[in-house]
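Below: one structure, written as structure tokens.
Labels run A, B, C and D following the written order; every chain starts at residue 1.
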Amino acid sequence: MQAKKLNVKDKYRLLTRDLDWEFSYEDRKEAFPYEEFEGIKITDWDKWEDPFRLTMDAYWKYQAEKEKKLYAIYDAFAQNNGHLNVSDARYVNALKVFLTAVSPAEFASSNGFAWAGRHYGGAGARVAAQMQSIDELRHYQTQIHAMSHYNKYFDGFEEFPHMHDRVWYMSVVKSFFDDCRSSGPFEYIVAVSFAFEYVLTNLLFVPFMSGAAYNGDMATVTFGFSAQSDEARHMTLGLEIIKFLLEQHEDNVPIVQEWIDKWLWRGYRILAVVAMMMDYMLPQKFMSWKEAWELYFEDAGGALFKDLERYGIKMPDFTETIKNEKDHISHQAWWVFYSHGHAAAFHTWTPTAEELDWLSEKYPDTFDQYYRPRLEAAAELEAKGERFYTAGLPQLCQTCQIPMFFTNVDEGKPTEIVYRESTYNDERFHFCSNECKHIFDREPEKYVHAWLPVHQIFQGNCGGGGLDEVMEYYRMGLGEMNLDYKGSPDEKRWKKWKGVA
Amino acid sequence: MTLEIKTSNIKPIRNTYGHIARRFGDKPASRYQEATYDNAALVNFHYKPLWDPDHDLNDPRRTAIHMEDWYALKDPRQFYYGTYVQNRAQMQEKAEGNFSFFEKRDLGARLSEDVLSKCVRFLLPLRHVEQTANLNNMHCSASTNYCTALAQATKFEAMDRLGNAQYFSRVGLALDGNSGSTLNEAKEFWMTDSAWQGVRALCEKTLTVKDWYETFLAQNLVFDSLLNDLYYRQMDAWLSVNGGQDLLILLDFMSSRLTDSQRWVDSVVKLTAAESDGNKELVQSWISAWRISAQQALEPLASAMLGEEALADAFSALETRLGKIGLGG
Amino acid sequence: MPVKAIRPDYHGEHRDARANFGGAILVYIDWDFHRWFCTPKTFPLPPDMPFGALIEAVIPEGFGQHPQFSEIDWGSVEWTLDHEPFTPDMGRGIEEQGFGHKCILRFSTPGLTENI
Amino acid sequence: MARVQIAFQDNDESRYIVSAIEEDNPDSTIHYEPALIRIENEGSLQINKATVEAHMGREWDVQSIHVNLVTLTGNIDEDDDYFKLAWGGQ
């Protein structure tokens, strides 16, 4: 028999979607029970367009190739004490944020995709989600392995899972992924695949990895770009799921629009940490947060939303606020961590004179007026041996859980806090923005349950009321992984390795 | 600044992460250990799942089984992502060689009608069984999010089974000249042939089980043991003596994968049952119940495919396996 | 719009209900425009605490680190409670004067709005 | 029209792919950034198996693009002999 050539699309269909069948003996809804409660209408799973067509054999082959390269570099990095080649030990603090915040998020995402990949009624979507599930496991584990070497030489990495479940700023990331995972399967995938992966992930990974490259960190560059190669598949899934839902039924359009608005906002809020990392934590700087935002969101995201217009989807209204905030948030976020440096598992510091000038140049409309004076005042106190650590505990936003540091830039008042509030079942709830309030108001039944770290401390659920007890609960101690970089064990070791006094 | 670095200056300040050191001591840890142990979220979840308000997001109470330490159920293969994909990549490379050898030499043309029809009716519908195993293991993976050791191993099993389903599909394509006709025929058997209906009903039933550990036992121990004996021992033997040896090389991936997968399943079940009488009773009662379902489901298939004795033989293989893991009698 | 969940009775616990704070109420306090303190701060306070004690003990603990703090003329401070102008009575308890659980007290210090 | 973009890790294999892209998409812009090569084009961008193979001098499987890919924007259309990115209805 002469074998005909089977094109990729047909072959892939036979190898995935054709595995499914119509149930005769059980109610299919018992096997796929979560498809309807969100109000999404799927009329025909056959209309699903497979966003990429990797079968398992090809998956194993290409992924093994990537892993082999990656671990060869890890081994070489460890054998050659690669950590000595980074630009400065301050840089390693960006990695601490990454491992403690991003890596557990990858595991959460791996789990979410396993759940979604079990529960979609359509085999094509299931397989795509399952592949992403195993990819996310990869990212989680390659990050743990990349950081493993740094953990041996720097403080702040060693208790990452414990901290992920407890520490105040970890709660921001954890609540994001808890929010995704506690949603239904369609909201989950819109949240992670579309809002996070497609629209925002470039802002997380690409600047991070370019930053690592600029700062001599080969291990991170390698895992980052290697992970990004999977990310391209994930972004494609994100776009496909959106188009599929929108094409299935017109009733899905307003639901999807709500989700896009909600999740872009929640994702954007988390990126405040990336903003601060780019502008403050990289000793060798390559691009400001503002520039990255313009390139990867305003430009690329703009093209995407233009493409989605034909389905009736529009760019969220809040993009104007984001535009106004881009001159401020990195400075404000750094100040949050600087002034709470006693309660963070990484070191903070005031920028050098050179770095201050770079910030002035990158943020000509805001830095000298609002932020430089504060940082200079802090440096003066430091010089007097009175390094500033703020007393007490901040107010948090009920939705994004970020300390309420966002200011009224929309009305040109960058030193006035934004206050938004709702009352539900006779209890008051506070928010950092219209969007966080809107998210709460849509589903107060869900958000009243948020585990807000500050309130938990005051309820006595974090080891006790005193700072020492809370630090013990966090396993953070005092003076090793936290406090200022200057005078830290990290700094002392670095100087010793580098032979400087 | 090019000062010489004295290696004595750069001794590590710790050997591994705190949670790994607390478990194994502060010494250099394996990549499996760092990738696996005590790193899943356990407390302080923010929201109740909209789809399951009675449980936390990561919640060991999604099964009736209790374990003092869920990480006791480690993977004897010590697969984390990197070792898993590299292992399977080697296996797929061999499989790829087998398929191209088969296709290049047109070995399909040498198969008798008898072998061919047996293959289409009995072998190819397994792709649907494998897809069920994929979903069942993904259910386990999603439900064991509180313990990476289980979440990853069940995920790897799920992806393996998708791989199996795809390899079975490729067997069909290798036989029908890429037309997909054998796959259509096989699906027709799956949907309507009386020999298959018990199995199909059983597959559909396993997909409705909520307790993930019950799913795990029903799929990976009871059902798989019986099918593995029927296919990778008995059917294998039948093909060998009926001129179907060439076909066997296409099944090589599936049968060689079994060895490591079974070792893992056995180890998990053995340790669970050994943990407490309560666990043991629960495991045994689930096994008994699923044996009865499997008996009824598989009888028509086994008889039609291999004869009257076939299923009894498969059950004695299951007995032997249960005996080895301390659940015999 | 109510939440869409698998069951109509879906509802999370009010994790921060007043009853969970051992008799205290939460009060958020901000010194307006003084972003040396990056956010308003949270204080669990006894509802019968006199306002005067709040000025003497609580506010200095939360905001005393600012270099201008000692320059504050408390007689000319402008207060708002939940964003409405508010004139405190130093001797009366805060709850009596309208402080509820999770209320917001802001104070501004005209003349001391320097930008650090 | 809007720009599509694709980025690869900066390595030897990618260089062949990039030169094939340059040949088939003469209007595209190529940016060399730290450790990555980013290519932008108005509207669409196509990578052809035949061109990549001509540059590499050996067989190249379109799916192996995933090994060196870093990021992309646009809708993907992928087949045995090409990989295409585009905005707008296809």
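The definition used in the following text is that a residue touches a chain if its C-beta (ideal position, glycine included) is under 8 Å from a C-beta of that chain, and two chains touch if they have at least 3 such contacts.
If you're wondering where the values come from, they're calculated on a predicted model, not measured in any experiment.
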| item | value |
| --- | --- |
| Nearest-to-centre chain - CA centroid comparison | A |
| Centre-of-Cα separation between subunit B and subunit A, whole angstrom | 33 |
| Interchain centroid distance [CA atoms averaged], subunit C/subunit D, Å | 56 |
| Chain centre separation in whole Å, for subunit D relative to subunit B (CA means) | 37 |
| Sites on subunit C at which at least two other chains make contact | 3-6, 10-12 |
| Multi-partner residues of subunit A (at least 2 other chains) | 33-34, 37, 65, 184, 446-447, 449-451, 456 |
| Category of the chain touch graph - line, ring, star, complete, other | other |
| Chain-chain contacts as defined at top | A-B, A-C, A-D, B-C |
| Residues on subunit B engaged by subunit A in the complex (per definition of touch) | 1, 3-5, 9-10, 12-19, 31, 34-35, 38-51, 57-58, 80-82, 85-86, 88-93, 95-96, 103, 106, 108-109, 127-128, 130-131, 134-135, 138-139, 141-142, 145, 148, 151-152, 155-156, 158-160, 162-163, 165-167, 169-170, 173, 176-180, 183, 187, 190-191, 197, 200-201, 204-205, 207-208 |
| Interfacial residue positions of subunit B with respect to subunit C in the complex | 47-48, 50-53 |
| Touching residues (chain side subunit A, partner subunit D) in the complex | 7-9, 51-54, 58, 62, 65-66, 201-202, 205-206, 209-210, 213-214, 221, 225, 228-233, 235-236, 239, 286, 299-300, 302-304, 306-307, 310 |
| Subunit A-touching residues of subunit D, taken from the complex the two chains share | 2-5, 7, 9, 33-36, 63-64, 66-76, 78-80, 87-89 |
| Contact set on subunit A toward subunit C in their complex | 33-34, 37-39, 184, 332, 335-336, 339-340, 369-370, 373-374, 377, 388, 390-396, 403-405, 407, 415-417, 419, 425, 427-430, 442-452, 454-456, 458-460 |
